[in-house]
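Heads up, the next two complexes both have chain A, just with different partners, chain B and then chain C.
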Partner chain A sequence: MFRIAIDRSLCSGFGSCVDAAPQLFRIGDDGIAVALFEKSDVPAVLEAARSCPMGAIALLDEQGQEAA
Partner chain B sequence: MTPDRVLIVGAGLAGSRCAEVLRAEGFEGEVVLAGEEEHPPYERPALSKELLAGRREDIDLRPAGFWSKREIELRLGTRVQRIDVRRRLAFTSAGQIRWDALVLATGARPRRLPTLEGRPSVHALRSRTDAEILREILRPGRRLAIVGAGFVGAEVASTARQLGVEVSLFEAGETPFSAVLGPEVGGLLADRYRSAGVDLHVHARVDGLRTGPQQRPRAVALACGNEVPCDAALVAVGAEPAAELLGGATVETNVCGLTAWPKVYACGDVAAVWRPSVARHVRTEHWTSAAVQGAAVARAILGHSATAEAMPYFWSDQFGLRLQHVGYGSGWARVALEGTPESFSARYYARDGRLVAVLLANRQHEAAAVRRELTECRRAA
Partner chain C sequence: MKSDPTFWLLARSSGLVAYALLAASVVLGLVVKSRPLGSSVSPAAVVDVHRFLALLGLGALALHGAALVADDAVDIGLGALLVPGVSPYRPVATTLGVLAAELMVVIYLSFSVRRRIGAKAWRALHWLTYLVFALATLHGLAAGTDSGRTWALAFYGAAVGAVLGALAWRLVVPPTQGGPRHVPNRDRQVAL
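This part shows the complex of A and B:
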């Protein structure tokens, strides 16, 4: 289980996370990605984090450490 | 059958991403990630921006311990000098490595300029070490001459101006980026550079460097006879693939990253990958391409289904603009510009009226929609 953290200062609104995991992410009205759930364990969350050109999506473990 | 040992040559984004995805998708053999630099995999885009500006020191792609935890064997400071594809052997500065599958992710290196070659205080920017050296000379009042107003040149110019450096910038074309973005957008950017205090020279041919006492640079000499004073110079005239291990100028691959050699793959800046949508091999130096290709090669090695072709994308932060470019920068016939110098979009159309690329300047909220639109246009074509 990962906690999804989006760094709004890094996000460029490219939307590759939405392509990788439409069930978990959308682009908000301000053009910045929003996670629809706080936590997830679906494999697509990894793909979404990896696809981000800005490295704006961190997946954290229970201790708040970067887990993937 | 999956291989026992995968050797990845090059520990940049493409190579390290390949290693990560091999593990993430269940590969249990050995993964050796050999990098020439001493640094663990890092974010190269930060070199001309945050790292150079001194705003950020930690630019590692992954936290410490990430690689060992996944049993990815990082061999840093290891240069692969030669490979024998028949015997599946790599000869390195630290001995031989046998492989079952080889991934060439050797990247690119800065193109050199013969007229400035080997002169003191002439720099290039490609590696973290390059950036650390360049950073030392970016002091208020120093004069930096930047040859080439491409993305590296423009971003360094922007960072250097923020640091109070006097910057002269030399571009061979009629405007910066005129080939990719067209003269209209190039003109907007040129105005912006000049109003930020950059001494921009277009149609400029740099002929050499004039030096003073102790061979210290004094001025850049232009072919037209003019001289522009400087204390140091940066050559930023593009990069060329580091493809010599296979003996060619570039490494062509199929859509999955497989080369003409069995079990030899390539990804990232070194690779010219077959793109079905444009029916040719395309080499790009973009972050997104390196990431997608690294993952695609991992999947090809494992026999997993292929990754979809990604829409080309790059971004650049310069002079208070975030530029985002989506699509193919070549082959457009007409550009439609809309907005103000602070926030604009440029839409690029092919001769048949099809939208092929879009540049956004400070319009991040449009990026996702633009990418969808371009993907639709390509499907319809």
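This part shows the complex of A and C:
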């Protein structure tokens, strides 16, 4: 289970995360990605984090360490 | 004694390889968002390969520079390699290459320090990639020994065509998913 952390200062609204995992992310009205859930363990969340051109999505483990 | 042409041949071929890798990386960077192949290619793979090709391109560029210093066909030393404008061999054409190479290094490294410099500065630097590609194209055509050959012109034409094609696709065809255009659907029910 990963906690999803989006660095809002880095996100540029490419929407790659929405393409990779539409059930987990959307682009907000301000053009910045929003996670629809605080935590997730679906494989697509890894794909979404890896697809971010800005590397703005961090997946944190139970200890709050960056896991992916 | 006839001089060994190995480094001269290596310099020419690694220059062409570096240019091809740069063009391929630019094309992949342009299709991260526009996705002409739709969902058959994962965006994560495109981003990964985009970065990897840029790194490979820098590797080929290092080889290009090292081979030019090592060979004795042209008089290019370490100074001419690193400082724009001091090469005695085809000075203008070589300067374009030095500038393109140094900008490419800066753009590549900017990703690692994106948190420190911020997304705006990262983006501004990334815009310079168009300048890098233009400089590299002019450098290849003007400095390259093989530029007059039909195959070389076809090679440069194909690279420029691929980049312009990907750019046109990016500008003209709206993204299929994601991005701000997706916002009107934001109220739909989502379930895991």
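In this section, the second predicted complex is superposed on the first by the 68 of 68 C-alpha atoms of A that agree within 3 Å, B and C clash if a C-alpha of one lies under 4 Å from a C-alpha of the other, contacts with A are read in each partner's own complex, and residues count from 1 in each chain.
The criterion applied here is as follows: a contact is a pair of C-beta atoms (placed from the backbone, for glycine too) under 8 Å apart; a residue touches a chain by one contact, two chains touch by 3 or more.
The shown structure was predicted, so the numbers you read here are calculated from the model rather than taken from an experiment.
Taking chain A as the reference chain, the count of touched residues is higher for C when chain B and chain C are set side by side.
After overlaying the two complexes on the shared chain, residue contacts for A:P53 are found with chain B and with chain C alike. When the two structures are aligned on the shared chain, A:Q23 is found in touch with chain C, with no touch to chain B.
Applying the stated contact rule after C-alpha superposition, one finds that A:E66 touches chain B and leaves chain C untouched. By the touch criterion defined above, A:V42 lies against chain C but remains apart from chain B after alignment on the C-alpha atoms of chain A.
Contacts of A:G31 after superposition: both chain B and chain C are touched.
In the superposition on chain A, A:G13 contacts both chain B and chain C. Residues 12-16, 18, 27, 29, 31, 50-51, 53, 55 of chain A lie at the contact with chain B in one complex and at the contact with chain C in the other. Chain A contributes residues 12-16, 18, 27, 29-32, 46, 50-51, 53, 55, 65-66 to its touches with chain B in the complex. Touching chain A in their complex are the following residues of chain B: 17, 20-21, 24, 43, 61-63, 66, 287-288, 291-292, 295, 313, 315, 322, 324, 364-368, 371-372.
The touching residues of chain A, when paired with chain C in their complex, are 7, 9-20, 22-23, 26-29, 31, 36-37, 40, 42, 47-48, 50-56.
Here chain C touches chain A in the complex through residues 32-33, 35, 39, 42-44, 46-48, 50, 111, 114-115, 118-119, 122-123, 175, 177-180, 182-183, 186, 190-192, going by the rule given at the top.
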